[in-house]
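Listed after this line are the structures, all set down as structure tokens.
Paired with chain B in one complex and with chain C in the other, chain A is shared by the two complexes that follow.
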Partner chain A sequence: MKNGFSVFIAAFIALGASWCGFVLAPLLQLGTAKQTAVLVSGDTYPIQRTGDATLGLQVYRANDCAACHTEQIQQSGVAFDVVLTGLGKNPMAVRSAIQETCELIYKDNPKDKNLYDMLVEHLSPEQPFSPATILNSVTKTIADSASDKITAAGGKVETHLIPTGADISRGWGVRRSVAADFLYDSPVQLGSQRIGPDLADVGARLGNANWQLLHLYAPQSVVKNSAMPPFRFLFEIKKIDDAPSPEALNLPKEFAPPAGCEVVPKPEAKQLVAYLLSLRADAPLYEAPFTPAQVSTNAPAK
Partner chain B sequence: MSDDPKISNPQPDAEPTATRSTVPMWIFSLTLVLIYLGAVYFDHHGGWFDAKVYGPYASADQLDSYQPKSGAAAAIARGKKLYEMNCGICHGVDGLGKPNIAPPLAGSEWVKAKGVQRLTHIPLTGVSGSIMVENQPWNLSMAAMGAALPDADLAAVLTYIRASWGNGMGEVTADDVKAVRAAIGAHPQPMIGDQMMKMPE
Partner chain C sequence: MNEISQQKIDASCRVPLLALFGGATLWLVVGLALSVVASLTFHKPDMFACCPFLTYGHAQPAANDAILYGFCIPAALGVMLWIFARLSETELVLPLVPIVAANIWHLGVFIGIVAILIGDSTGFVWLEFPRGSSVLLFAAFLLIAISAVATFGQRKERELYPSHWFLLAALLWFPWIYSTANLLLASGHPVRGVTQAVIGWWFADNLIFVWLALVGLGTAFYLLPKLAGRPLHSRFYALFAFWTLMIFGTWCGIPQGAPVPAWLPALTSVASSLLIVPLIAIAIIFCKTVCGANVTCKGGPFCYIKFGTVAFLLSGLMLISSACPHFSRIAEFTWFEQAQTQLQILGFFAIVICGAIYELLPRVMGFGLPFPKFVRWQHWLFMLGIILLVVSLAVGGIKQGLAALVPKNSSNDILEASLPFLRASTLGLLFLLLGSLLFAANIFVMTFKWKLALIKSVIAYIKSPLETAEVKP
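Moving on, here comes the complex of A and B:
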């Protein structure tokens, strides 16, 4: 072949460059990833899975759950809420500072007029003070300038960071998925098609093991019109001998087994559910920060 | 023999060869524009190959500026953790206390006091003897559980106690703790219950 050596070198460089970009660089970046610290609380994240949940990942893989479910929440941006937590020593000055900043922002948007009126009523001197959201879903610049103005007047404010995006507004998670979420997954079950919902945060979203078992045995018994096929082979239908098993599913009538029989989950079903419940991407991390809801409120003692 | 085969069936000239011609300018321009647009896109979305930077964040600097500030919420979250490690065993993670072990903190007038000096004293020196909490006598003794905690950590615990379980009181700063610790001195003695009862808030 004419110029065979040059063609070989060119092909080698082209393939080598993409290998460096797609294999070597990610390995250098994430190959030695370790547990990280959760923001604010300093807890360790992620926690190693229990034995059942580790086996459950293999059940998830064996049943090809990743064909219909992804495990990656996406995020398109961030928004900021400004929350007034204290009026300080000069409530009058704080109130007028709030009025000034909020009027500027809410003025152009008639949709926010109601919000603004509610805020004014909430902060009126006759009302006893309680924390209030002053600005909802604004940019960082607006949030910072508002919080500077109110702090200068003596008030106390907190700026809350809220991730935004289609997945998050669907309620599939609170922040985007990052590499740390998959530290103990082998192999990682990212998935690419969303015939069913995303499962990256399903343990936090649907944390009831009984619900998960019912859903695996008969999806339509808990989610009407679900497109998910039933996974009945993960369960055993057996005759009730002396007393019903404590593990038997409590199914609605149209899904219940024949009289005298009960549905008991096999170990695989329990492992898969343990794995699903271990899927929680709800810790704020450095690379995916957010302000957890209600960090500073505890239920009052009764 | 006038028929010349060359005329009726002419031989082609020599084999054609490619000639060099200059690349048109528009290809150069297009390439430059594409490189420029690629560089701009990379600058906005690439995060400069930082393993910690994911979309929608553009750079490590932006991500840094978005980190939650360590405000009252952070202190309370930290205080909750420290409380559950140091205090929760006796006073309960719900702050309700345990009979014959520790008095309640939820709704206690000792916690809801206006000043923080007396409250700060308790974990720094410990208490022994009878005190009244919510009109109930508690005759127990508590060790100086907070004496080993740094000022900022003890302040976080006290802030958590004061903010939680409907107590709704304000924050305790590290300076408050530092002042009380300085007033106590290097060798704290457990406060006797009567002394503690008389102490100003």
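Moving on, here comes the complex of A and C:
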């Protein structure tokens, strides 16, 4: 490097390469992304936010909620459940096929013995038939071979895809977050630090607007020992005029305002709650598939 | 170079440097004070329940930006101007331009910080300043760069010194990344969806890791040989570190678990592991230049720059570790990443720049520091503060990450695993704040003394009897 120009060229090449890689390429790949189809149902996803929820994103931004909350659910892998949905015309053959496959799998794992005994009891001929999870959280190969054997015996089975990971077991979401979840967000508030819980699916998890308002005004009133700072500046403490406002918060005693007063949410609080309720990353997508929970499933463990 | 011309060169930098350092010092104090305020939330969550300006979500980004944009960049630009003038053996070219630019820059930072506190930030990490203020910062940077490049062009020795490479590259780096990020994110038509996040990460990595490394190492490579009294070891290693740092460092920003196409975090993972190459080169340069030098340190500028360089190596190792997929499963979303950022900004960059300012300011001003003892005290306070802050955040982060891997832990349990460490980090911040006050005392008293002397000389000039030209009979 003998002169300034060569330094300039060196820096230009190095930074230009990463600019092409991390600015231009993502723009070409994702910059024109459109709504995608939800698996199974075929609906389009995501739906653009409207009204208060759109404004709520700006309240979320202005208070930098992303300093403490992420909107990214992590997933470590997938597991498969095999669910028996029908015994077909030859229940005896199906039962013995199930017994055969399950014994093989559960034998190695004494922890599952209990589960296996319950399954056998559940499938005994005296009981009326109801759908049952035969295999719980197994790999794709095991699930496939089991489902092949049972289908060959005439039974009807479904294989359910279950995302795994600490976030999902904790109930923060049903699948990992993907790029499609943020298609209409601006600014995208992914966050990088979890001082509080992840909010990617909070609308599905804690969908009660009143609970959310109480939680914003006095987090400790609904979550014991919560370390979240209260956002009381999003609320007004008003004197009750003639009749109490229908919007007033129904607070427990130790958090209630003085007698004759009521706590009413300002528009910002209502917008923020509308935004939080709109956070639902619960659609199965091509890049993040899962089998939605079915109401009729009756797991033997229950 | 003889003594008199060196004094002339130093004197030519005086006013521009004072303009840059004065505001920078103020922002350092403000930023650290805001950091303390932000961390108070972990001692008493409902502290700012009715005061929206100082909640964690407002104070934390404001503190970060005040330290980075308010202190680090303008102070570094001042140091850069001085190094360019010294290396070129010429007086600063266009000295008026940096003076104007410094005021524009600090005005921009002021607008930006106020905007963040009143909830008008853009919502992108490290790019929180609204459009008006980022335009001012961009313009001010270009103006200072013009003066720096013009001084560079006037150099007497045509051969470049390694510091030249690092600092020149930094002059190109910042306008490029700052304009790209602002145009694509904070303009009226931001890009779509998660691309915003990718560009934000690219910008943050290039600013916090690469830019700070370029300027900090450029400064260290200039001052370390000077202070150690022996030449830089060696030009070849420096060139190697320069290239590899630029090539691998720019690809390190994407978090491992990000909801983006998988090739992006994979590239980051590869580039980060290759980052060990420049780190080793820099460690060799550091050891061979510094170790065994017959200089006692005594808490002076030499200590500052030595500590800063070691902190850079550690922060680089932390960056590598957090891009390793196995470790990132624990460290992601925890305080560990914050620890790395703070080590990079405060432990490496701020300390190198403070050391450089202590070294150059007495020369530039032409008189000694008013409180020479404060230099050593500040060194100890900063060292203690940074170790307390970074170690407690890193250990707290790992504990938090391990707790998060257990599904039955609620978010409260996870936070509680790290809460004692967070509280300890407040103490580290207080030490840093105290140290920055000592720094401010030195800088401001020095500026005041200089202004006083200036006024005195003006008064003396006015009072002095008019010189009458001798008229030849």
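The rule is simple: the second predicted complex is superposed on the first by the 287 of 302 C-alpha atoms of A that agree within 3 Å, B and C clash if a C-alpha of one lies under 4 Å from a C-alpha of the other, contacts with A are read in each partner's own complex, and residues count from 1 in each chain.
Operating definition for what follows: a residue touches a chain if its C-beta (ideal position, glycine included) is under 8 Å from a C-beta of that chain, and two chains touch if they have at least 3 such contacts.
Model, not experiment: these values are computed from the prediction.
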item	value
Touch count on chain A, higher of chain B and chain C	C
Partner chain in contact with A:P125 - chain B first, chain C second, else both or neither	neither
A:Q29 touches, of chain B and chain C: first, second, both or neither?	both
Partner chain(s) touched by A:P258 [first = chain B, second = chain C, both, neither]	neither
Partner chain in contact with A:A66 - chain B first, chain C second, else both or neither	second
Touching partner for A:A179 - first (chain B), second (chain C), both, neither	both
Chain B versus chain C as contact partner of A:A10, first or second or both or neither	second
Touched partner set for A:G196, first chain B, second chain C, both or neither	second
Partner chain(s) touched by A:P246 [first = chain B, second = chain C, both, neither]	neither
On chain A, positions contacted by chain B and by chain C	29-30, 33, 76, 176, 178-179
Residue numbers on chain A that touch chain B, as the complex places them	25, 29-30, 33, 39-43, 75-78, 85-86, 140, 156, 158-159, 161, 176, 178-179, 284, 286-289, 291, 295-296, 298-301
Contact set on chain A toward chain C in their complex	1-4, 7-8, 10-12, 14-15, 17-19, 21-23, 26-27, 29-33, 61-68, 70, 72, 74, 76, 166, 169-170, 176-197, 219, 223, 225-233
Of all residues in chain C, those that touch chain A in their complex	41-42, 45-52, 55-58, 60-61, 119-125, 149, 152-153, 158-160, 164-165, 168-169, 172-173, 176-177, 180, 184-185, 190-199, 201-202, 206, 239, 242-243, 246-247, 250-251, 253-255, 257-261, 264, 267, 329, 332-335, 337-338, 400, 404-412, 414-416, 419
In the complex, chain B residues that touch chain A	49, 51-56, 63, 65-74, 76-78, 80-81, 94-96, 104, 106-107, 163-166, 170
